[in-house]
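Supplied in structure tokens, the structure appears directly below.
Letters A, B, C, D and E mark the chains as written, and numbering starts fresh at 1 in each.
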Amino acid sequence: MIWVDTIIQGILLGGLYALFAAGLSLVFGIMRLVNLAHGDLIVMGAYLILLLVTLLGLPPFLAAVVAMPLMFCIGWCLQKFLLNRTLGDDILPPLLVTFGLSVALQNALLEGFSADSQRLPTDVLTTASIQAGPISLGVMPLLTFASAVLVIVGLNQLFYRTELGRAFRATSDDATTASLMGIKTANIFATATGIALVIVTVAALYLGLRANFDPNIGPARLIYAFEAVIIGGLGSLWGTLAGGIIIGVAQTLGAAINPEWQILSGHIAFLLVLLVRPRGLFPRAHD
Amino acid sequence: MSYIVTTQTRASSVSAIAGILLILMLIALPFFAGRGTIQDMFFILTMLTLAQFWNLLAGYGGLVSIGQQAFVGAGAYALFALVILGGFDPVLAVALAGFAALAIAVPTAFFAFRLNGAYFAIGTWVIAEVVRLIASQWKSLGGGTGTSLPRDATRDMWFVEMIEETLGVRSAAARDILAYWIALVLALVTIGGIYWLLRTRRGLALAAVRDNIEAAKSVGVDAGRMKWMVFLTSAFGTGVAGALIYLQKARISPDAAFSVTDWTAYVIFIVVIGGIGTMEGPIIGVLVFFALQSLLADFGSWYLMTLGVLAISIMLVAPRGLWGLVSERTSLQLFPIQRRLRGGRLTTSEDQ
Amino acid sequence: MALLQTEGLTAHYGDFQALFGVDIELAEHETVAIIGANGAGKTTLMRSISGVLGNAPSAVRFDGVEIGTLPAEDIVSQGVAMVPEGRKLFPSLSVEENLLIGTYGRKTRGHWNLETIYELFPILSERRHNPGMALSGGQQQMVAIGRALMSNPRVLLCDEISLGLAPVVIKDIYDAVPKIKQAGASLIVVEQDIAQALAVADRVYCMMEGRITLTGTPDSLSRDAIYDAYFGASQ
Amino acid sequence: MSILALKDVSKKFGALTVTNGVTFDVPKGQALGIIGPNGAGKSTLFNLITGNLSADAGRIHFQDRDVTRVSAKDRCLSGVGRSFQIPQPFEKLTVYENLLVAATHGCNLSEAAVQADCADVLEQTELIRRANTPAGQLSLLERKRLELARAMATQPNLLLLDEIAGGLTEGECQALIGTIKDIHARGVTIIWIEHVLHALTSVVERLLVLDFGKIIGIGDPDEIMASKKVREIYLGIDI
Amino acid sequence: QGAKIRIGYVSPQSGPLAGFSEADQFVIDGFLGSEAGANFEVVVKDSQSNPNRAAEVAKELIIDDEIDMMLVASTPETTNPVATTCEAEEIPVISTVAPWQPYFIGQQGNPGDPGSWRPFDFSFHFFWGLEDVISVFTAMWGQLDTNKQVGGLFPNDGDGNAWGDPNVGFPKPLAELGYGLTDPGRYQNLTDDFSAQINAFKQADCDIVTGVPIPPDFTTFWTQAKQQGFTPKAASIGKAILFPQAVKALGDQGHNLSSEVWWTPNHPFASSLTGTSAGDLAAGYAAATGKQWTQPIGFVHALFEMAADVMGRVDDTRDPDEVTAAIAASELNSIVGRIAFDGAGLPPFAAANVAKTPLVGGQWRLKDGGGYDLVIIDNSDHPEIPTGGTMEAIS
């Protein structure tokens, strides 16, 4: 039974990672932008929610909803005025710029909010659980997983059912030709990053509810998010979810053998998948 | 009608003479400079070495790795293992540490060369994490806690006594001077070696692969071997530099030795700020980085914020780095590698 | 007055100069062909007009307005659409989606919409839900043309629309040209197939090494003159 | 004795079959011309022969050795030289250095040993005055010359030329023909893709016509040119 | 009068450990303003919570600022690189706020081989040790009725490795006192899932949890434990619930968590510098910064008390050997209790370098209006420190 529990907990953990990764996947998939500041943006989102909670007395979920449009604007401007200028064949400029952003953001948060670890106010929901036979499942992890699935379903709808989604795909395929079709690619990219930051807000909400956060906690999560995106395959959102679950399950299984192996087994799972499939599980047919 | 080939330019002859003078001065530095200067120079030289190797990898080899900390850490851990567990002399251990980095680099390359671009970058990062996690299971070197070099080991290091006597300094200062000289040799060998490489036919091949890999293959360049060569060379040099740095720190822990920020992010910062793909870039970059650090480091988070903002602004304003700005304006080259054909039908007036 | 006009147009790829002061003109309802050997700079010219490559403001003038510095997406909105060389369909999009991209973010009024495009190329209507890349080369070319038409342009730039197609298919494609003209558009057609170019155009420019070397109406140009302009004269 | 033999070679890009069961061989020392409409798969065929692309099916033999799975670099070392249709210079290197890469690596010689040869090739291809110019600054014609020069610098037994005559003046064209004939006279086997037919036919002894990745004719140039199918598919017009 | 005495001080003012250093400025200002402090100049450096940086700034202080003595505080990640550097540079150093085992053993070449351990010549440390935590924790647990099954949550870092160490850590003494310890193994910090540990503790039917996780990890663990139905009677945790903000982050779930207590405003000690009592110091801090007091305040203060005391007893403050001898001879009644390097309560190998300060046990109690109070509930080892209640089981 413990093994079943271990795997289920791993899957739920995978949901969290997928949620961390979904925004990254969107940005990486559409513009091949390696955003090293993604983790810090999540932390920034968490602080924003915290601010709304303390200043306006909103419950965290509502605060997250209020934060979303704000985060969208931040993402939009970030892309439009900064990141767009680094896009191109060379991966170094975005790497260095987002690294600079990450360092600057971390320390700005440190100045603004101090190093104290914070958490969003919790209620009974935080520790509530559902009994499924001998296994008890936390409501919060279930909610996290459900949100991850919802986000991915939502993004897929957006991608495959709307005009904007069409423009996303076209721009991602070939930005030059897309501009010949009258698509303002700079704005498309900005919108994509805006949406990514809306997803970041959802991730931030769960980050802040499940445990403490402080200004420096971002980068530690970034690597799992990247792993999920890459083993999922470039641009495949379901792949990102699968990637998150693989890493989550590998971690809990590794931990069940010995906690020393927990994080290591996540990484090793990542390396193994790439060894077998260098372009991830669900790569795009063309590239 | 016979042709000759040269690489010298007038600027380069001047800079060669200036370079020799500078090197002589650097060698003699401990005779007249204080310990503070020696310390600063040690920092500059080791960071410069790391930067030159990363530049070789990314700037000349097109391999953008963000996992160089794996080799710094491997070298450093090898040093501690050899000294503490193997009883080696630290100076010898520093030299051997490069092989530990090589031992890690071979499987890393085998894996990472299957990946491209961003995948390669993230892949190397994850591998470095794996190496870190494995190092933190190495119980006899303190596991996640880390460990310190025993004082006896560094006190009785080769050459230290000699330096103490000749220069009449305390043992701690003598160790600094020894480390400085090793760092100087390492940096000079690195710069000289890379410069030499770039001037051989392998250097040409490297440039060809970077410019156009398909065409390079079609004229018989072994692109795969170039990649291996560059990757392994940088790993070796990075490992030695890592060992040297930690000989000076005398204390190691996995988080410190495998820090992606300290050993890769800052190194990337140095190279890119200075100008990637040039020999001069890392030199400028490391000086800028050092200046920033000495001016601002006491301001804590404001220093780091400045560093971040600076990285962003330079990338946007001068994507080819500070040296790029200089050489665009002046077409100055301190390390000329271009071969120029002269003589025959190329009289001086015609050649441009 | 010319509808579209370039004046002293130059273009560079890094250090390499691909165009050296190109002057061409296109009148309303006219079809102009541009011919020239491989690498003469035809595609570069098209890319410069359509805004993919930047220019001096006055280098390109459309309907009296200087559009040389406008980005590609604004030039489309002005009414200059391009069928790029090599078709460049979006692989992630179906045929219909590829067509719809042509109207992204704009409500254009005019003759061309999904229906009329399917009328023009009936075969596309059958394959509308297929991925664009699953089509044959000729069909892909039809999608590329349709996609550009969806924005109801006043000027349509066609870069080697016969490239790599069998003669029969080429005929199908070129059959559409008169219908496109009829709907009110002016065309610039880049062609390597000289016969085809001469057949369809009101006027011909011949390019060599980034310069216009010859211009005239198809009748006025002798084969020899074209030959010389095309490959350089021996004299 | 044939220097190159292809048997049932095929290549697909996604759903598109670009090379479709191509079989032919080239006797040592022959000059073979390849013609065909744009997109027929001529350049792709070259990429398959040089190893820049790997074949999906079929076998390729070079000098009696199966090279189907051999890398581009090893094929070059064993004597396959090529030019690219779209010039692919090493842009940051000078013209002379471009040749130096090819000569030192393609023949596995030291720089000193090839210096004179490279200068020779530069003189032959009229590039000598541009020797110290970065290749990225060359004009199109110079780039095409560089393609030829670089291929020659590897001292190939089999030289593959992809559309190097396009856009030349008549005088230049004659000079080029002369150069190629010289190379051929030295015993180098040549395969030449060219749209400028008169240049092609003045050099080659055999002509191959490709359409939709298939060989639709191979043989004596005059016979091929006379065949109705070829006229219909390829020539279309009669300049 | 000559130049002032130069003291170097390294602490993590930015980065994840910055919480430890919040009172630094307040304490240093107080020190410099005091009568004894007037002779001193304090050069403060930030380790950025980074061991590499800590070693670097230590070198700078020694070489560029030419300090006479080094002070360093807060976690082995800060104290060890600085002490190692000072030892190599032969500069006297006093450190605190790290249990002495990770400090002492962590700086030995081979931590696994006690035979190879050597005392230091220039490094001194005052704090308590694991034996004190164990004694305090077991005394607290003894106040409850439990099945004596303990689950251990030890990360793979300086503290965790020491706590879980079979020689010097929890396992041996717990076994001697009849406790069963379930230790699943060393996990990495910033782990996102503790199901493995929770399952192991559930299987072993643990009534008690102990360990030294970092705050976010403990929150994750504790929340998951509740979700997965694991409810121990006692949870005695080091480090993670040191600061009131960290407990507050647990929402209502922090009630009755217990911890070792090194210093509170109720400790019956006073500053040797100014005579200020512990309570007044804390109140002064609260008044000056508007923040709740934290335990490191007393210890950082005591560091500077040591500096004043030691330097008051030497003739040539620039002579490292003389300063070192003076430190070794210290006997100071400071705001954290008596500090003397007399080896009391220590094994012989550490006797020369370590002085122990008192440790008691406390529990966080939810206040009516929200927020938590730290109540001392066990003082069996140091009866001079008053208790404010008795151990309560977690409901």
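Quick notes
In the analysis below, a contact is a pair of C-beta atoms (placed from the backbone, for glycine too) under 8 Å apart; a residue touches a chain by one contact, two chains touch by 3 or more.
Molecules present, by chain and UniProt name: A, B = Branched-chain amino acid ABC transporter permease; C, D = ABC transporter ATP-binding protein.
For clarity, every value in this text was computed on a predicted model and none was experimentally measured.
Here the chain-to-chain distance from chain C to chain E, counted in touching steps, is 2. Under the contact definition stated at the top, the chains bordering both chain A and chain D are B, C. Looking at C-D alongside B-E, one finds more C-beta pairs in contact between the chains of B-E. Of all chains, the one whose CA centroid is most distant from that of chain D is E. The distance from the centre of chain A to the centre of chain C, each centre being the mean of the chain's C-alpha atoms, comes to 42 Å. The distance from the centre of chain B to the centre of chain C, each centre being the mean of the chain's C-alpha atoms, comes to 51 Å. Work out the mean CA point of chain A and of chain B, and you get 34 Å between them.
In chain E, 14, 156, 186, 188 are the positions where the chain touches two or more neighbouring chains simultaneously. Chain contacts: chain C has residues 133 touching two or more partner chains.
Those residues of chain A in touch with two or more other chains are numbered 107, 110, 260, 263, 285-286.
Interfaces, counted as pairs of touching chains, are A-B, A-C, A-E, B-D, B-E, C-D. Partner chain D is touched in their complex by these residues of chain B: 2-3, 5, 200-201, 204-205, 207-208, 210-212, 214-224, 338-341, 344-346, 350-352.
Note for the complex: chain A touches chain B at residues 28, 32, 34, 82, 85-86, 91-93, 95-97, 99-108, 110-111, 223, 226-227, 230, 260, 263-264, 267-268, 270-271, 274-275, 278-279. In the complex of the two chains, the chain B residues touching chain A come out as 58, 64, 66, 111, 114-115, 117-119, 121-123, 125-127, 129-130, 133-134, 137, 265, 268-269, 272, 276, 301-302, 304-305, 307-312, 315-316, 319. By the touch rule above, chain C contacts chain A in their complex via residues 50-52, 71-73, 76-77, 81-82, 84, 88, 90-93, 97-98, 100-106, 133, 147-148, 151.
By the touch criterion stated above, chain A contacts chain C in their complex at residues 163, 166-167, 169-170, 172-174, 176-185, 284-286.
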